[in-house]
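Multiple structures follow.
Next come two complexes, and both contain chain A; in the first it sits with chain B, in the second with chain C.
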Partner chain A sequence: MSTVVSGVETGGAQRGAPPKPGRGLNAGQGHAAAWLVAPTILLLGVVIVYPLVKAVVMSFQKDSGLDPTTGLFVQGGAAGLSNYKHWLLEQCATPGGGTVDCPPGNLGSQFYDALWVTVFFTVVTVCVEVVLGLWFATIMNRDFRGRGLVRAAILVPWAIPTAVTAKLWLYIFAYEGIANRTLSVVGMPHVLWTGDAWPARFAVIIADVWKTTPFMALLILAGLQVISHEVYEAAAIDGANRWQTFLRITLPMIKVPLMVAILFRTLDVLRIFDLPYILTQGGGGSGHATTTLSILVINQIRAGFNAASALSTIVFLIIAFVAFLFIRFGGADVVQRPPTARRPGGRRVFRRRARVDGTAAPTEAAPADATATTVGAGG
Partner chain B sequence: MALQRLRRGLVPAGLGAAVLTALTACGGGGGGGGGGQSSVGASARGPITYVTGKDNTGIQSQLVAMWNAAHPNEKVTLKEQSDQADQQHDDIVQHMQAKDASYDVVTVDVIWTAEFAAKGWLVPLKDQFALDTSKLLAPTVSAATYHGTLYAAPFASDGGLLFYRSDLVPTPPKTLDEMWADCAIAKKNNMGCYTGQFFKYEGLTVNASEAINTMGGKVVDDKGKSAVDSPQARKGLQMLADHYQNGDIPKEAITYTEEPSRSAFEAGKLLFLRNWTYVYNLAKTDGSSVVKDKFKVAPLPGVSGPGASSLGGHSGAVSVYSTHKATAFDFVKFLEGDAQQKFIMDKGSLAPVVAATYNDPALVAKYPYLPTLLTSIQNAVPRPVTPFYPAVTKAIQDNSYAAIKGDKSVDQAVKDMNAAITAASAG
Partner chain C sequence: MTSQGGTAPAGRRHLDVPAVRQPGTQWRTTRMYLGLAVIVIWGLAPFYWMIVTAFRDVGFTFDTTPWPTHVTLDNFRTAFSTDRGNHFGRALVNSVIIGVVTTAVAMLVGVFAAYALSRLEFPGKYLVLGFVLGASMFPGVALVSPLFQLFSSVGWLNGYNYQALIIPDISFALPLTVYTLTAFFGEMPWELEESARIDGCTMGQAFRRIMLPLAAPGLFTTAILAFISSWNEFLLASQFSTANTQPVTVAIAFFTGSQPHQDPYTAVMAAGTIVTVPLIIVVLIFQRAIVSGLTAGSIKG
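Here is the complex of A and B:
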């Protein structure tokens, strides 16, 4: 994400540079502008840059160890890369000063499991939510009697705080809860929803989909509402059937809001914490089947700040990288660039072509994107 | 009771989003002993603040009022924290890292004492602050002792009890063998036999440690080093795993925290339940309880006599950053006074730490489980007293959970537990 922000800044600098010879439109306003922007920059520095830098600095320090004679903690000193090795290579320190593979039950042994579970949650929930969200949005977009009621009903899950949602589903997935009662009506055995690995994972996915599909639907609905009726009428006159209308008109025209919605949800699920923490406490299976990266960070915070800093820096980089991929290649146009700020070269070609292709011939959009990507990366 | 409930595996909800920011806000590094701070204001008197978890039963404010009436020049202000144990812990950590002088007396859960003491935040209770512990129950004192020094004054305790269906089991089992033999009665009545709390959370550490300690094993030794790799510890975990496999412990028990296990017992689905004292009053009075007059309590069964319960409870500790330490220490002693101990039992259902309170005839008439509770606490073993408690409890939970479910052999689980506890304290 940082790349994009700096991109804007460079763009701004370029824009500021040209009016050298004559007195341009913005000339003479530089100082005033700097003063006006300063408070915002300062605030961002305090609440974003400082914690980030501090966390990175802490991640290179050892967690405090015990002084064997007094039993008191002493500062750990510089750690080099050992905190990162603890997570990425799953190495644990031994009392003698060497390293061993982290034993099961140590948080260090759970990094890749947590990464895998988090990615699994992300892929499954976002896919399901996109499909359901499109469906719900299409329903909400129609004109029919009682539309207000349907819209309100669809949005209710989103309005409930996540902690409450999680408790709610905890009762539903209890051993004698509604889910198991319902299953037994159709003759299926009781499931240990919060105990076994896969049921626990699906419990989290079901609860998350229930909760956030409305969000997806809402963003898609906003996209649907800007498509004018005339386009559909024209399509109808041309004899397009429903499926063709959806594929050739609706989808391309909601591409940008849809990608933004997918980006938001992806980043959200990559950081998911409260729902699985309350529902399963990260448990299930052999003990950590639903431990996501954020749960791992929080568990580690209690056991040692500096190792937790390293882990959260790793998580931050992973999430930032995913966000970058989305914005750079996925067409999630979150950072609205003013037209003049576009850099010349490959990227502009890619953007323009993607957009043109997107509206005119969606089926070709994907290959076009792919070639443009290579061009963009090369230039 | 209220405090006891707090320590359940409750949830710091909403911590998730700003992980990085929260991390830094929680403070950097920690560590560094506060040795020099202990003497500041050591004999100074004046108003102080008493920090404790949410006062659901109102007893803390009444205790403070009692003190204030007698000490007009050394008034105590009550500061209530959240009602969730994790948040109380983090709140104290943040204020101590900020060297906050307004946290004079803090309420410390038994499992936090070592961590706070090792950070150098608690005034050692020796020399000028020496505490008379002769009247106190021994396990409560050892739970508050770290590295040979007492760091906190226990004021409320708790122990596990065996709730049993007295209509079906006329004489309660004294030993584990007797209890498992009684499971035939459960089978005949088509109900579950025994459960504790086997969900993967702090309660599992409590239950797994009880099994290990009862068989004569140990989780850590006196120095805080792992001592779990022993035949006794294997026997304890094997017992839980075997009886989970053969159905004596119902399979839903691995989803049970305190409350679901209480509900199951109150619904008449269990013959035996291991739980804390708070269940007694609720099971007697709950509208939904079908066992109101059909249950009694007994000490947890052991090998040949009472088993080794894990110890719950809270202590009062004086902060090294307090500027009125003499008053703070007097207040901590006041909480252990006979009158106050009777009061917290009578009005708050908190288990006293003064042995004599358990023999008070008026209290025993009102709370018939008191003598049983006394036996339980007298035989209790504190959970590992180690400054690395969060990592140690995780090592116990993950591996005993896998062993009970049968995902891992007991032998492997004990080996892994041993390695993980060792790794936890290697720093």
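Here is the complex of A and C:
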């Protein structure tokens, strides 16, 4: 961030001053940009960076409260790494100042269970969604009547609030609900969908896949629509079969939008809260079979802010790390810089170019994509 | 499985010579319509079930007749009744207040940043874009403990403190707005702005008089997306809302029925229908724009 600010300040002419002759239309853009971008940066600083920093500070503080053994009020104070040890090593503080393994029932002993369940949800939902999303997208990419109807239908699960989705599936998965009734038609026994550990987990996964596959399918569809017919014609002339066409042409050409979709969905499921919280109350099985990391943080809040802050900081670091892996190695090019800016030291080249030709924003150099034709056609 | 779905619809069409009828074309068409049926059922069946149940008498909660039976409006009356401590009507108003203010703030602030990011060249541009994107991937749960402590110390966790809900909502609505608008702006015919400036407009005039009217559909779509995202928010609202400021998502999640330990399914489905149907109508009307807004930015050439 500091780079942004300092860089922008050296940007150009005085704000409001007319562009000096000979400097082109874009003179002073840096300064204007600083004023345009500043409110967003400031506001995000207040609502995201400040709480994040505060959480980190809090995570090194002891939670004040009643000591369970002496019954005396204990003040907070510096905690060192004990809040992190509480989660990562499942170590609970003892009155004497030492630590022991957290007893079962203590939230500290649930960290790895929650991590495991969250990762399980993430891997299963994202994999299923990619397969279903690719299938939906290839179907929707063909010419057919009633395009609007299909697109509207697929937007319905996306538009329903997750809290309502959770209640809807709670009703569907009720003991006497339609899911069990349907199963019994084909001769299967009733399932305690929100009671037993594995059914509860799959109930969450089914509801989540239902709600978010449309998003995946629409992102993939947008990617498919960019591929030109000629490529497929060439492949057909060369005798490629469907599978080869898919592997060698479709997949590589939708790689970026597909990876972006997978990244967004992965990060979404890693922070999943609403669905398991309302559908199964984080329970199932022995009590916390569907407690995800986010639910664990919320459960901890009332038991102590500072330990909760340590956990939420851990969750943030996990998510940031996964996002980093995707963007660095997975090809999820979310920022989509133009080639000149991506080069090492590219910013200099970039700036010089911008000054020379004056007009061409880098994004305009890219060929028009599928969404360009639909923007503004919504009315 | 996807390859069989036919990855080259248009290509095949071009290659088709009318005289040579390709074998299996009819089967492919049938399979495509079967696939489309699966998609439509996927999207609509659970939603349909919610509406059918919402209009079904509570005594027939678990009736599995697939069409409306025992039709009644009682569930809607139950949903709005306040004698069991539910305040659904109040929650609807709250959700509108929170959604409108959050959307307005995010749009007012975000539109300038999006303009700069899509139009201007300045050092650190990709850093700002990266920061906004990072913010959109930020886990909301990381806000809860610091903000909970802060809000409780300034006394915002009781009464009518809507700001305790609006401020955290900005954390996801603003990045969404900036990101979507940047993508929309990137696709606009900016040559018109250049000509306006050559004709003597200042940058501000060119933006207000030429580009803003052109950008209206994109702005409108982004506002819808931001409103939906804050209308649907639950995690932060469940922590920072009071009985007075509770939005609909929280009201529905904690809806209590007349019987303890028995979920009032039909009333909840009625409440869910009320919350969802306006959204669905908006989505149906603006579906093209919403799809382009959702996918904007994920693909570039």
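Here is the rule we go by: the second predicted complex is superposed on the first by the 285 of 379 C-alpha atoms of A that agree within 3 Å, B and C clash if a C-alpha of one lies under 4 Å from a C-alpha of the other, contacts with A are read in each partner's own complex, and residues count from 1 in each chain.
What we mean here is this: a residue touches a chain if its C-beta (ideal position, glycine included) is under 8 Å from a C-beta of that chain, and two chains touch if they have at least 3 such contacts.
Small disclaimer: the values here were computed from a predicted structure and weren't measured.
**Q** Classify the contacts of A:Pro104 with the two partner chains as first (chain B alone), second (chain C alone), both, or neither.
**A** first
**Q** Thinking of the overlay built on chain A, is A:Thr138 touched by chain B (first), by chain C (second), by both, or by neither?
**A** second
**Q** Taking the superposition on A as described, I'd like to know which of chain B and chain C A:Asp63 touches: first, second, both or neither.
**A** In the superposition, A:Asp63 touches chain B alone.
**Q** First (chain B), second (chain C), both or neither: which does A:Lys54 touch?
**A** Both chain B and chain C are touched by A:Lys54.
**Q** Check whether chain B or chain C contacts more residues of chain A in the superposed model.
**A** Between chain B and chain C, C touches the greater number of residues in chain A.
**Q** Is A:Thr125 in contact with chain B, with chain C, with both, or with neither (first, second, both, neither)?
**A** Neither partner.
**Q** Check the residue A:Ile301 against both partner chains and state whether it touches chain B (first), chain C (second), both, or neither.
**A** A:Ile301 sits against chain B and chain C alike.
**Q** With both complexes superposed on chain A, which partner does A:Leu219 reach: first (chain B), second (chain C), both or neither?
**A** After superposition on chain A, A:Leu219 lies in contact with chain C alone.
**Q** Let me test your reading of the model: by the given contact rule, A:Ser309 touches which partner, first (chain B), second (chain C), both or neither?
**A** So A:Ser309 meets both chain B and chain C here.
**Q** Based on the superposed arrangement, let me know which partner A:Thr290 touches: chain B (first), chain C (second), both, or neither?
**A** neither
**Q** Common interface residues of chain A with chain B and chain C?
**A** 47-48, 50-52, 54-55, 58, 162-163, 166, 174, 176, 271, 273-274, 277-278, 294, 297-298, 301, 305-306, 308-309, 312-313, 315-316
**Q** Report the residues of chain B in contact with chain A in the complex, numbered from low to high.
**A** Residue list for chain B touching chain A: 9, 11-17, 19-33, 35, 86, 89, 117-120, 146-147, 199-201, 251-252, 254-255, 260, 387-388, 390-391, 394-399, 401-402, 405, 407-408, 416-417, 419-427.
**Q** Any idea which chain A residues touch chain B in the complex?
**A** 47-48, 50-52, 54-55, 58, 61-67, 70-76, 92-95, 100, 102-108, 162-163, 166, 174-176, 190, 192-195, 271-274, 277-278, 281-283, 285-288, 294, 297-299, 301-306, 308-309, 312-313, 315-316
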